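Every chain is named by a letter (A, B, C and D) in the order it is written, and numbering of its residues begins at 1.
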Amino acid sequence: MSTLDNVIADLVVANRILAREDVVDAYGHISLRHPDNPRHFFISRSVSPELVERDDIVELGLDGQPVHEEKRPLYLERFIHAAILEARPDIHAVVHAHAEDILPFGIAQATPLRPVIHSGSFIGANVPVWDIADKFGDTNVLVTNMAQGRDLAKKLGKNAVALMRGHGFASAGRSMIEVVRLSVYLPRNARALMRAKMLGGKIKYLSKGEIDARNAGYSPYSNETWRAWEYWANKAGVGDLLTRPDGGTIYKPGHDHKHDHKHDH
Amino acid sequence: MSTLDNVIADLVVANRILAREDVVDAYGHISLRHPDNPRHFFISRSVSPELVERDDIVELGLDGQPVHEEKRPLYLERFIHAAILEARPDIHAVVHAHAEDILPFGIAQATPLRPVIHSGSFIGANVPVWDIADKFGDTNVLVTNMAQGRDLAKKLGKNAVALMRGHGFASAGRSMIEVVRLSVYLPRNARALMRAKMLGGKIKYLSKGEIDARNAGYSPYSNETWRAWEYWANKAGVGDLLTRPDGGTIYKPGHDHKHDHKHDH
Amino acid sequence: MSTLDNVIADLVVANRILAREDVVDAYGHISLRHPDNPRHFFISRSVSPELVERDDIVELGLDGQPVHEEKRPLYLERFIHAAILEARPDIHAVVHAHAEDILPFGIAQATPLRPVIHSGSFIGANVPVWDIADKFGDTNVLVTNMAQGRDLAKKLGKNAVALMRGHGFASAGRSMIEVVRLSVYLPRNARALMRAKMLGGKIKYLSKGEIDARNAGYSPYSNETWRAWEYWANKAGVGDLLTRPDGGTIYKPGHDHKHDHKHDH
Amino acid sequence: MSTLDNVIADLVVANRILAREDVVDAYGHISLRHPDNPRHFFISRSVSPELVERDDIVELGLDGQPVHEEKRPLYLERFIHAAILEARPDIHAVVHAHAEDILPFGIAQATPLRPVIHSGSFIGANVPVWDIADKFGDTNVLVTNMAQGRDLAKKLGKNAVALMRGHGFASAGRSMIEVVRLSVYLPRNARALMRAKMLGGKIKYLSKGEIDARNAGYSPYSNETWRAWEYWANKAGVGDLLTRPDGGTIYKPGHDHKHDHKHDH
């Protein structure tokens, strides 16, 4: 079981990866359930993910309120995390982001977002679309209380991702690594599907059997998963914060050549 | 009320943010009304926004002419700013830019540009398209005098943005932060709408009620707005120029890790 | 009149700008007619534009052959430059590039590439498409001799740009600054037109009168033109090589803040 | 004939180029047949291509298994390389990648991917699409054994590239330089073809004669090929690892100006 220090470090790594991979920008956030107390979770205070440091991480309850006294402003939309973690005991990490490539699928809902590339399998067979207006009418479109958060969690159901109409998405994973991976590949899958539609003709989606086979096969520290996590952490400049609770080796990149880290797409 | 030094610094920050966020490139500019004399405004001399420094800022009158002696060349299109600030006492900052993603909506006008994503609400419910040829026939397509500027301001009316056919856009905000935010999100909203159209089927736009709720909720220094401004300023390398007239705290990014600032999209 | 040293420096600046602005990549080149001998021109030896240095510049005749002994390999396609400079005494600089965004217009010729944005006016009212196969049948698609170069020059006629089917484009300008500016804005105009087509509905092109008004108004050292040239040169890291034969001032960027030069789009 | 040291260095260069040119990201790999023992090949252990160093290169047999004792994890999909090198004695290097722009052509197969730009000629006249489900039903979509690898090699046949439905592509070249070049231009050709389709109307593909003429003309160390290889290696920060078995000169980039290497598109 991760120590709290490693949990905090993981959260910083995850924030930086999501920023580096263009999943989040000025806005967006990620949470991780407290490893020892399922009614609490960790998330940054209100600051952009690219700037998150260890001292920014705060502990909240499943009501979205801070556990300890906290003067610094918190994310207005922390209720997304509180409500999903409350509704889903199987979930330990949640991401909310506005990643551009998924927005059209929440706006023009005639085309369901489904996996078409193998790395998109983690988004699951079904990606529901939640529209805040259905229950709450005209709002500022932000999830700013538990009632809205719970309505979103209800639409998410047992799925991995819910699109939020005209806003972004919320994703849920069994671990930090899994929710980050799924959130990174969600926009790529969206791009591939949009471009396939533009080409025209019959589209071959991943089958249910393929989605299930892939989800059964990957664990957070299986080599294929860890390779990407390690790569993304190094790209984001936080490779030195990596830890592995399973005792596996963390290879350090060599020093033969200066690494020119560019963004991935 | 901001001191003049802070106003000049804000203008430098704003120029750099617009450049860093790809709203402007070699061309484009931003103005800020003089806080004490509404018949004057500040803008850079003719230099690309990415290179603007404090010494480049000049003071112009609402006729677009310099208040003090000025030998260095001025922006040919400063009349956009003069005319809009003249027509709109409620407006304190104006941006003119050629951001690529909005150009198609001025060229193929069958599709009105309207908010489809929540961060696009700031562009307002209506985005008129101004065509210089309607009144002036064949020109070099630049706004180079007050007559043309006033015709543009008339088309803008009470709206936040007017597209300029085959050229770019002009945006107007109640403050520097608000006009920059709206100008950054305008191209993102345009991209989301274009991609939604490409997907096909019914498009859900933001409702008038949603647009109004969002505009009522945000002030320039509300935490959600300030977070983005602070983030963008740091990305653009001008975080140290930030000031807040409302007395709120400006958090300094930590120094745990080297910040690898990439562009946002 | 530029000294030869300034001519060589200009050519290095132009190569670096074209690389930085993504007009050229591993391939592509730019030439400049000898200011004193119209039957000669300058171009780099065969090296990628981003790497061109002063020592790489060679002098060729209008037959595409070196004037002085030259052991280093030359661009296979230097005949594009030789033939256009031969056919067009009014032209002093030529660019050949494969810029991605113009390629579709040479491949799917049903949509003529015409100016739709004001900065695209420099490409002229008419952009012919040259297909090497029309006269030469199956080839390796490269212009590797004077016969092919002259056929391309014939298709270019009096225009500023000719697309080369399945290959790229050739552009011709009255000066170095003008051919670079037109070559930078050509792909942007192509993107705007393609996106306008995707939006659907009637497209408003620049009128002939607008194109003419803009071409009459701009000179290589007019302030609006120089501002972009100066900006691009600084972005490309060669600002210190800039010279102005018209005696105008070259402003040096300030040193208030570290310049984070990102690519423009 | 290259010494083994040069072979290993070439493989490191190739990995870095593929990463820098956005052909691969966290995933993807490249192999090179042993110059002296055709039943062996070299490939990195399981690490992202951008991080590959000389010590990461391992030697495998055509069964995909390591020749020497190896504790570090290997690429799960090394069987792609083993099977293609086994089936094709004419091939000496293989790339597997997920490059985004080719994915739609494997998902919406109504549009065959064929050369439309001259640099796309190297992908060959025919690009088959392999679907792992045809023979193996529901799987995790990865090629994780020789049976799957051989089925892919059978679909590839004598061609240069096979798309892998919902996954990526596998490319085969007579040399390292050739397979990297083809893999870099494959996504560019895909983008040009997709955009040409979006423009609409008749599309002009490269003719068989053009494809053949280009393939006959280029050798790995012909000047046109070497120029790109040298440029890409320098962009990727590994220019100092370059070697040329044909005795040709390797020019060193000058030091007049700081090189600001940006990504190519």
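Following the convention adopted for this analysis, a residue touches a chain if its C-beta (ideal position, glycine included) is under 8 Å from a C-beta of that chain, and two chains touch if they have at least 3 such contacts.
Every value quoted in this text rests on a predicted model; they were computed, and no experiment measured them.
**Student:** In this assembly, which chains make contact with chain C and also with chain D?
**Tutor:** Expected: no chain.
**Student:** Between chain A and chain D, two touching copies, which fits better, same or different residues at the interface, with half of the numbers shared as the threshold?
**Tutor:** Under half of the interface numbering overlaps between copies: different.
**Student:** Would you mind reporting the rotation angle for the C-alpha fit of chain A onto chain B, rounded to the nearest 5 degrees?
**Tutor:** Angle of the fitting rotation, chain A to chain B: 90 degrees.
**Student:** Taking the mean of the CA coordinates per chain, how far is chain B from chain C in Å?
**Tutor:** Roughly 31 Å, centre to centre.
**Student:** Quick one: chain B and chain D, Cα centre-to-centre, how many Å?
**Tutor:** Roughly 44 Å, centre to centre.
**Student:** Residues touching two or more other chains, restricted to chain D: which are they?
**Tutor:** 197-198, 261
**Student:** Connecting every touching chain pair, does the picture come out as line, ring, star, complete or other?
**Tutor:** ring
**Student:** What are the touching chain pairs in this one?
**Tutor:** A-B, A-D, B-C, C-D
**Student:** Quick one: which bits of chain A touch chain B in the complex? Just the residue numbers, please.
**Tutor:** Residues 12, 16, 20, 22, 25-27, 46-48, 50-51, 53-56, 72-73, 76, 98, 100-101, 103-105, 107-111, 131, 133, 137-142, 165-167, 194, 197-198, 236-238, 241, 261, 263 of chain A touch chain B in their complex.
**Student:** Can you tell me which positions in chain C touch chain B when the two form their complex?
**Tutor:** 116-119, 121, 188, 191-193, 195-204, 206-210, 212-214, 217, 223-224, 227-228, 230-232, 234-235, 251, 253-254, 256-262, 264-265
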